[in-house]
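Structures are listed in the sections that come next.
Here chain A shows up in two complexes: once beside chain B, once beside chain C.
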Partner chain A sequence: MKGKEVMDTQNISLLEGRQKQVYEKTAGAPEGDIACEKTSLSGSVSQRACVFCGSRVVLYPVADAIHIVHGPIGCAAYTWDIRGAVSSGPELHRLSFSSDLQEMDVIYGGEKKLYKSLIELIDQYQPKAAFIYSTCIIGLIGDDIDAVCKKVAKEKGIPVLPVHSEGFKGTKKDGYKAACNALMKLIGQGSTEGISKYSINILGEFNLAGEAWIIREYYEKMGIQVVATMTGDGRIDDIRRSHGASLNVVQCSGSMTTLAKEMEEKYGIPYIRVSYFGFEDMSKSLYDVAQHFPERPDIMEKAKEIVRDEIKQYYPEMQKFKAALTGKKAAIYVGGAFKTFSLIKALRTVGMSVVLAGSQTGNKQDYKNLKEMCDEGTVIVDDSNPVELSKFILEKEADLLIGGVKERPIAFKLGVAFCDHNHERKIPLAGFIGMYYFAKEVYESVMSPVWQFAPRKGGVK
Partner chain B sequence: MTTNASTMTAKTATQNACKLCTPLGACLAFRGIEKCVPFLHGSQGCATYIRRYLISHYKEPIDIASSNFNEETAVFGGSHNLKLGLKNVTQQYKPQVIGIATTCLSETIGDDVPMILKDYKAIMGEADLPTMIFASTPSYTGSHIDGFHTAVRSAVQTFATGGAKKNMLNLFSGMISPADIRYLKEILKEFGMPFMLLPDYSQTLDGGPWGEYHRIPPGGTPTSAIADSGSAAASIEFGSTLEAKKSAAGYLEETFGVPRHSMPLPIGIKATDRFFALLEELTEKPMPEKYEDERRRLVDAYADGHKYVFGRKAILYGEEDLVISMAAFLREIGVVPVLCASGGKSGLMKKRMLELIPDLEELEIQVREGVDFVDIENEAKVLKPDFLIGNSKGFTMSRKNELQLIRIGFPIHDRFGGQRLHHLGYKGTQELFDRIVNTVIEYRQNSSPVGYTYI
Partner chain C sequence: MLLRHTSKEVKEREGLTINPAKTCQPIGAMYAALGIHGCLPHSHGSQGCCSYHRSTLTRHYKEPVMAATSSFTEGASVFGGQANLLSAIETIFSVYDPEVIAVHSTCLSETIGDDLQQITKKASDDGKIPEGKYVIYASTPSFVGSHVTGYANMVVGMTEQFAVSTGEKNDKVNIIAGWMEPSDMREIKSLASRLGVKIVLFPDTSDVLDAPQTGKHEFYPKGGITIDELKTVGDSKSSIAVGCITAEPAAVALDKKCKVPFETVDMPIGLSATDRFIMALSKAGGVEVPAELTAERGRLVDVMADMEQYFYGKKVALFGDPDQLMPLTEFLLDLGMVPKHIVSGTPGLRFEKRMKEILERAPGANFKNGPQADMFLMHQWIKNEPVDLLIGNTYGKYIARDEDIPFVRFGFPILDRIGHSYFPNIGYAGSLRLVEKILGVLMDQQDRTALEEKFELVM
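Entry: the complex of A and B
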C-alpha cells in the first residue's frame, strides 16, 4: 500500500470561458443568469456530442424506417444499436446503414453512391420510409441529398427524408430541429379516420426499455386514444396521421417542443409539457391530460384511480429504500435539463438531496428553475466535463452520480455509486413502476459494500 | 474448382460495419503514451462518440479533447479553434504530450495542422509547451486499425532520436488487450533485456481505483523510452498486414537502421514459438523455464481437448491481423475457419494467410476483406458454422442464427472483462483453447438427451 495520494482536486480551476456556466447556490452568490445555449469551448472535453447525435437520438426509434448515415463509416458505426429503444414489431432501427464514403467519393461526390445505396437498401428491406442523415463531410462536399431523396422517393413510392445533421452546424439541439423537420414532412400525410376526440400524441418519449408502453397503457386505461408515439416504438403510418390527435403531450421538451409548436401552428393542436419520472411528476402527467378533457370527468376519475393503485403497490418497498438512503447525496448530470427537475423530486422521495445538478442542453429558464428548486450549496452547471464533474462530486461528497455512459466510469473510479439515466438504459425508469426500479437501482448502487474499498472511503490504494 | 465461391453479392451500402473509423484507433494508441491527452481536430461528436465507444469496452474514463468545429470553422479553417483548444486542454490537463489526430472534416477542408502547430509554438513560446504528436487520420481512408498504426508511427517520428546503440528492444504490439500488454511486458522482463513497448495502455485503460480524478490516468509508455527507440538493438512488430512503410518499426529501420522483425500476432503454439525464438536470438538468452511450463501445459491441453474441436467449423471476423493469427491457431487445433472476414482492406490478407495455412484453398477457407456483418451473416447461413469467433458486434447475428459467439478482440461491450482477456502467447492461447472447447462441450451438453455431468 502506497502512502496517501496528494489530492489535487482543490487545485482544479475552471477554464476561462466556462466560469459563467457554473453556479453555486450560496448566500453570497452573484445574481444573474447562468450562461448556456452556446457551443462548447474548444478543448474543454465536453460531454456533449454533435448535431448528428441530436437527430439520430430523436429519429432512432422509428422502427419501420431505414436510417442511412451518409458519410464515412464512423458516425454509423458508433450509433449502431446503442439506444435502449425497443420495438413491438419491426426492428429496422437496430441496423446500421452507411454509404461508407471512401476517399474517391469525397473527391468526386457521394450522390451516386448514396442513390445506389438507397435503392439497394429499400429493395432489400422494404421499409415504410427512409431517413438520410448527412454528416459533417456531406456539408462540405456539398452533396445534394435533397435531390437524391426526391428522386428515390419518386422511384420507390415511399417517403425518403433528408435529415440535415452535419455535425459542425450547431449543437445537439440543432439536430433535434433537423429531426423535427423530417417528422413534420410526414405528419399530415395520412388519414385521420377513426381518431377519437379524446386522443393524444406522446412526444419526446423514446421507448427506452419499453417505457412508452408503460405510459401508453396508463393513458389508454384512462380512455384516451394514443395516435402516435414520437418516436418510441414509432411507426411511419402513425406519424403520418398524428395531426388527427387532440393534444400533444411532450416529455423531452428539449427535443420535441419544436415539433409540438409547429403542429400547433399548422394543425391547431395544443401541447403540454410533462415528465414521467417519479411518482409526483408521473401523476401530474396523467392529471394534466385528464384536465384537457373537462367534459369527461370519468377520465380524471380513472387517472386518480391509476395513481392511487400504483402508488399503493410500490409504497412499502419505497419506504424501505428511503430508510436506507435518507441523508445521502446525489449529483446529476444528464442531457436535458427538464429531466433534472424530475430527478431532484424523485431523489427527494427516497430521502436523498442533490448537490450537483447539470445538463448538456439546458436553457436560461431551465437553469432559473433549477436555481429556485435546489438546496443551498448545490452546484448548477451547463455543458460540463469530466474534470469539473469529478471536482464537484468530490468536493460535495456525493454518494451517487446520475448520468450516462460517459459519466459512469468517472463515478466508479472515484468510488461513487452510479445510476444510468441516459438512452442506453435497459431498465425502464419512467412511470410508477419505473420509479420503483429507479429507487431500487439507487438503493442497490449506493448501499453496495464495494465502496468501502474505494480510496476516498479509506480503502486500499 | 469452386473454392472460395461466394454467396456475397456486390453491394454499395455498408450494413452493420465490421470496422470503426480511423481516429478511434489513433485515440487508443495515444492513450498508451505516458501523460498524453488525445485531441481530435474536428467536430465535437467525433470525440464524444469515440469516447463513448472506448468506455463501453474498457470501462475507464477516457478523456478526448476536441477542437469543436462550428460552421464558421468549417468555412474559414480550424486554426483558431485548434490553438484555443490546445491552450485550454494544456491548462486543464497539464499534459506532457498531446496526441492530435484529424477527422474527415478537418482533412477535407485542408487544414495544415503541422503549420498551425508551428504557428502555435511560435506564439506560445516552445519552452513550456507539451510535445505535440500529429497523426493524419481522415476517416474515409482505412479503418480504426490504420489510425492506430499511424498514431504509433507518428509518436516514434516525434520522439525517436538516433545515436549510439543501446542494449534494448522495441516491441510494437499492435491493437491488443491491456491484459496481453501486461503479459508481454512480463515476458520481456524475464528475458532481462531493457525494452520499450508502444503503445502501453495496460494501466491507463485497465487501472485501479482513484482517490482523486486523474486528468490523465497513470501509466503509458514513457516518452524517454520512445526517444530511445531509435537506438535500440532491434524492433519486433506484430501484424501480418502491417507494411514497413506504414509502421513505426519500418520508420526506425529506415531512419536509424534499427532492424525490424515483423511477425504475426503470437497466437497458437507455432506463432508463440516463433516469438520466443526471436526473443532468444535477440537477447541471446534461453526461454525462461516458466514459459516452457506454460507451453507444456498447453500441448497437454491440446491433447486432452482435441476430440471436441477437430473438424468443427468456425466463422472468424475482426481486424485483419487478429483474424489471420487466430485462423492459424484454429488450424493447429483442427478447427476449420470456414470464413475469415474483416472490414479492413489491406489487400494482403489472403496472401498472408496462405503463408500460414498452405492448404487454405483445399480446405475451402474463404478470406474476405472489406465485408460487413450482413455479408458475414449471409455467408453463415450457407456455411453453417459450429460457432462464431470475434468481437461483440457479432452478437445480433449470433442470436438470430442461434450460433454461439466466442468473444475476442475489440470491442467487447456486451460482456464483462473484455479488457482483461488474454489472446497472446502460450497463456493467451491456453485461455482461448479452453473457451473454445468449453463452448463445444456446453453445446453438446445442452443438446444431449441426458445432460451428462462428466465429459
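Entry: the complex of A and C
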C-alpha cells in the first residue's frame, strides 16, 4: 500500500498554468495584471460552476414565475431550493420543474416534451411568466426552445422566456448575461403609471435570508420608491414596469451590470454600483442614491439620519467584537470580486486583516482594485482551488475563511473558523443590522472553544 | 409553505417532473470512485456538473470532496472532448498525483460521442499515464437511469478494469458494497471480522468521507480500497453483492471475467434482510454465526417486541433508492406498520417486480418508480390518504412540515442533519437505530399533540 496519507495539500505545488492567476502583494512583486476571465484548466479541481448555474442563481428568486429546467434531471435536482432567496408571497421558485429528458428524447428531440410540460405547468399553477433554461444537452441536440416558448406564450397569454444557458457555452458570467437577456425581454412591457420621479430599481440583490427587505426599507424611509428588485423577492409585474424608475442601483455588479447598461441604453436610466456589506459601504449606498436627487435635500437628510441611528444602535456591540477580533486574519474566497472589496472593509472595521482575497469571476479592473486595497503580503487569486486555498490559509495563518459550501469543510478540516457568504447563509449579512450579524458570526466562529481541540497548523497543541 | 402549490387531484403527467425523487448518474459514479484509495474522480463534461456533484456530496457528508473536471467549452462540444480529457489526465497526474483517475461521462460528453475507453487507451499509448498509475472509466449519461445506476456503473468499471485472475483462488470473500454510507461500510467490516470471515470490501468510503480533523487538508484521506487489493478480487473464492441494483452488476462482471461465483443479497436494513446477509456471509466464509451476533439480533427483536403496540397499523410513506427501499419496506412490514405510498425516481423492471412481491403483504399500497415518480406525486398521494410517518431523504421535510407528519431522514441526500455517515444504518445495530428513530418521532408527535389530560410521563 502506497503511503498516500502524506499527500496533504501543502505538498502539492501550484497548478502549472495558474501562476498568472495568483499574485502576492509584496515589495518588488512583478507589476502587471492578474490573469482572469479565462476558462479553467482541464483537469483542475476548480470551485467554479457553469453557464446554467449563473442563469439559475440570477433568475431563481423571481417568485411568481415557474422555472423549468429543460434537460436530464440532474441540473434541476441540484438547483432545487439551494438558494435561500425568500419571498413575501408566492413561492413557485422553490419548486423544481424539469422535463427530465430520457434517452429517446435525446435521440428524437425534447421539444414536444417541453411543450407538454409547459402546458401542464401553466395550467396547474397559473404563473405570471415562465423561464425555460436550456442545459448542455439541449444546445447539442438543437431543440428550438425559442419556437416552443413563442408558441406557448401565444397559447397561454403569459411571457414564456427562453434562457440560453447551456453549461459549456462559457463561464458562470455568461449565464448572468443570459439571465439579463431574459429579464430585458420583460422590462418595458408593463405600465409605468404611478411611478414617482424619486424611484429606483434594486439590481443584483437576491434576498438571501431576507436581505432585500432590509435594503428596501432604508430606501423607502428616505422617501424613495422601489419599483422592482431584481431579482430578490421578485415579481414579474414589477420587472415589467421597472423601466419607469429613475435610477438603477446595482449591487452584484458581476451579474447585473449588463442589464443596467442595457436599461441605460434603451430607457435612459442611469445606474450606480453599490454594496450593502459593512457600515461604510452601506452608508455610501444610501448617500449615493440621495445624491442622485439633489433637488430633494430631505432625502439626503433622511439618509444621514438613518445612518446615524443605525450605527449608533450597533456601535457598542461592534466594539466588543472588535476588541476580541483585532489582529486576527481572514481569508476570502467568494464568487464575485465586488463582494471581496466590501468584505475587506467590513473585516477592517472589526479589526481583522485579510491575508487571502480571491473570487471565481473577477475581471481585470476588479483585481487591479484589489491589489490597491490589500495589505502588503496578501495573496490575491482568481478561480482558485482547494489546494491553493488550504496552502495559503495555512501559510498565512488565517483564523477565518469566508466562502461557500465547498470551502466550508476545508476550513473546518484545517481547524479554521468559517463564515458562509454564499447561498447558504441563514442570517442576513446586508445592511447595518447585517454588519452586526456578520461581525457576530465571525466573532462566534473565531472564538469558538472548539478550536482549542483542533490540531492547527499540523501539530497537536 | 409549499403546501399551496400541491393540488390534491392526481393527474397523469406526460413529460413534467416536479420535485424529483432522484438525480443523475455522474454523482453516483463520483461517490463510488471515492471508495478507492488515492483516487481522484474526474467529471468529463462542463464545470457545472462537477461543481454540483461536489457541492451535494459536501453537503451530505460535511467533508471536502475532491474531483476534477474536463471544463468543456464550446470548442470541445463541437470537436469532441478527447483533447480536454487527454490534457486533463496529464495535468492531474503531474499536479494532484493520484493512484488512479476515475473518469465518468456526463450527458454532454455522451451525446457528442466521446468514447472513454478509446480516449483512455490513447492516453496510455501516448504515455500520459505514469507507470503504476491508472485511469478507469464508466459511462454515466444523465439521461439514463439515475444517481443509483451511476454508482453501479462505476463499481462495474473498477471491477472490470482492475480485477485479474491469477488462476489461484484465495480464501477471501468479496463484499461488493451497494450505495451505502461510510458508517455502513465500516459496519460490514466489523460484522465480517466478528464472524471471522476474511473479506475484501469495495468500494469503501469509510475513512474517506468521515475523516478525522488533522489540521491539514488531505487530498487522499487514508481510507478506500487500494489498487493492489482491487486487483486481487478476481482470485477471491466468491462474492456477495449487497444490493441488487447498485452492487450486483459488478458481481456479474467479475464472475464473467474471473469466474468468481456470487450471491446477491438485499442491503441489510431491518431484521430479515440482516439475517439473510449474515447467513450469506457465514455460508461464504464457512463459519458459524457467533453467539455475540445472535445476542445482538436478540436485542433488536426484544425492542421490536417491547414496542410493537406503537408500530402496529401505522401508515408510512417512504421514498428513496431501490436498494434501500426494498429491505426498508420489508422491515416496516415486519414491524407491523403499513407501507402506504412508495416513490422512487429510479427506473427499473427488476426493482418494480421485487417491490410488488414485497407489497403483496400491503394491499392497497401505492408504488411508482421512474419518470414522474416524484415528490409532487408523493405529496398528492399523502393528501389523499394521510400517513403517520414519512421516511426519506432531506427533501421530505417540505411535505413533513406542510402535512405535520413525523419524519425520519433516511437515504441520500441528507443535507440538514448529521449522523447518517457516522452511525450505521444497516445490520442489527443500524436497524435498532432505525427503530429508535421511528419511535422517537412518533412519540415526539404524540407528546406534542396529546390532550392535556392524556399527556403522560411514560410510554
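Heads up, the rule we're going with is that the second predicted complex is superposed on the first by the 445 of 461 C-alpha atoms of A that agree within 3 Å, B and C clash if a C-alpha of one lies under 4 Å from a C-alpha of the other, contacts with A are read in each partner's own complex, and residues count from 1 in each chain.
We take it that a contact is a pair of C-beta atoms (placed from the backbone, for glycine too) under 8 Å apart; a residue touches a chain by one contact, two chains touch by 3 or more.
These numbers come from a predicted model, not from an experiment.
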{"item": "Combined model on chain A where chain B meets chain C, clash or fit", "value": "clash"}
{"item": "Touched partner set for A:Lys128, first chain B, second chain C, both or neither", "value": "neither"}
{"item": "First, second, both or neither for A:Lys328, with chain B first and chain C second", "value": "neither"}
{"item": "First, second, both or neither for A:Leu92, with chain B first and chain C second", "value": "second"}
{"item": "First (chain B), second (chain C), both or neither touched by A:His421", "value": "neither"}
{"item": "Which of chain B and chain C A:Val387 touches, first, second, both or neither", "value": "both"}
{"item": "Touched partner set for A:Ser44, first chain B, second chain C, both or neither", "value": "both"}
{"item": "Touched partner set for A:Lys302, first chain B, second chain C, both or neither", "value": "neither"}
{"item": "Shared chain A contacts, counted only where both chain B and chain C touch the same residue", "value": "5, 7-9, 12, 15, 17, 39-53, 68, 71-80, 82, 94-103, 105-106, 113, 116-117, 120-121, 136-137, 139-141, 167-170, 386-387, 390, 394, 405-406, 408-410, 412-415, 454-456, 459"}
{"item": "Residues of chain C defined as touching chain A within the complex", "value": "1-2, 5, 7, 13-20, 22-24, 26-27, 37-38, 40, 42, 45-56, 58-59, 62-74, 76-77, 84-85, 87-92, 94-97, 99, 106-108, 111-112, 141-144, 146, 211, 213-222, 226, 228, 345, 371-372, 376, 395"}
{"item": "Chain A residues within the chain C interface of the complex", "value": "1-2, 4-5, 7-10, 12-13, 15-17, 39-53, 68, 71-80, 82, 91-92, 94-103, 105-106, 112-114, 116-117, 120-121, 124-125, 135-137, 139-141, 167-171, 386-387, 390, 394, 405-406, 408-410, 412-415, 454-460"}
{"item": "Residues of chain A defined as touching chain B within the complex", "value": "5, 7-9, 12, 15, 17, 39-53, 68, 71-82, 94-103, 105-106, 113, 116-118, 120-121, 136-137, 139-141, 167-170, 385-387, 390-391, 394, 405-406, 408-410, 412-415, 453-456, 459, 461"}
{"item": "Chain B residues touching chain A - in the complex, by the definition given at the top", "value": "11-17, 19-24, 39, 42-53, 55-56, 59-71, 73-74, 81-82, 84-89, 91-93, 103-105, 108-109, 138-141, 143, 208-215, 393, 396"}
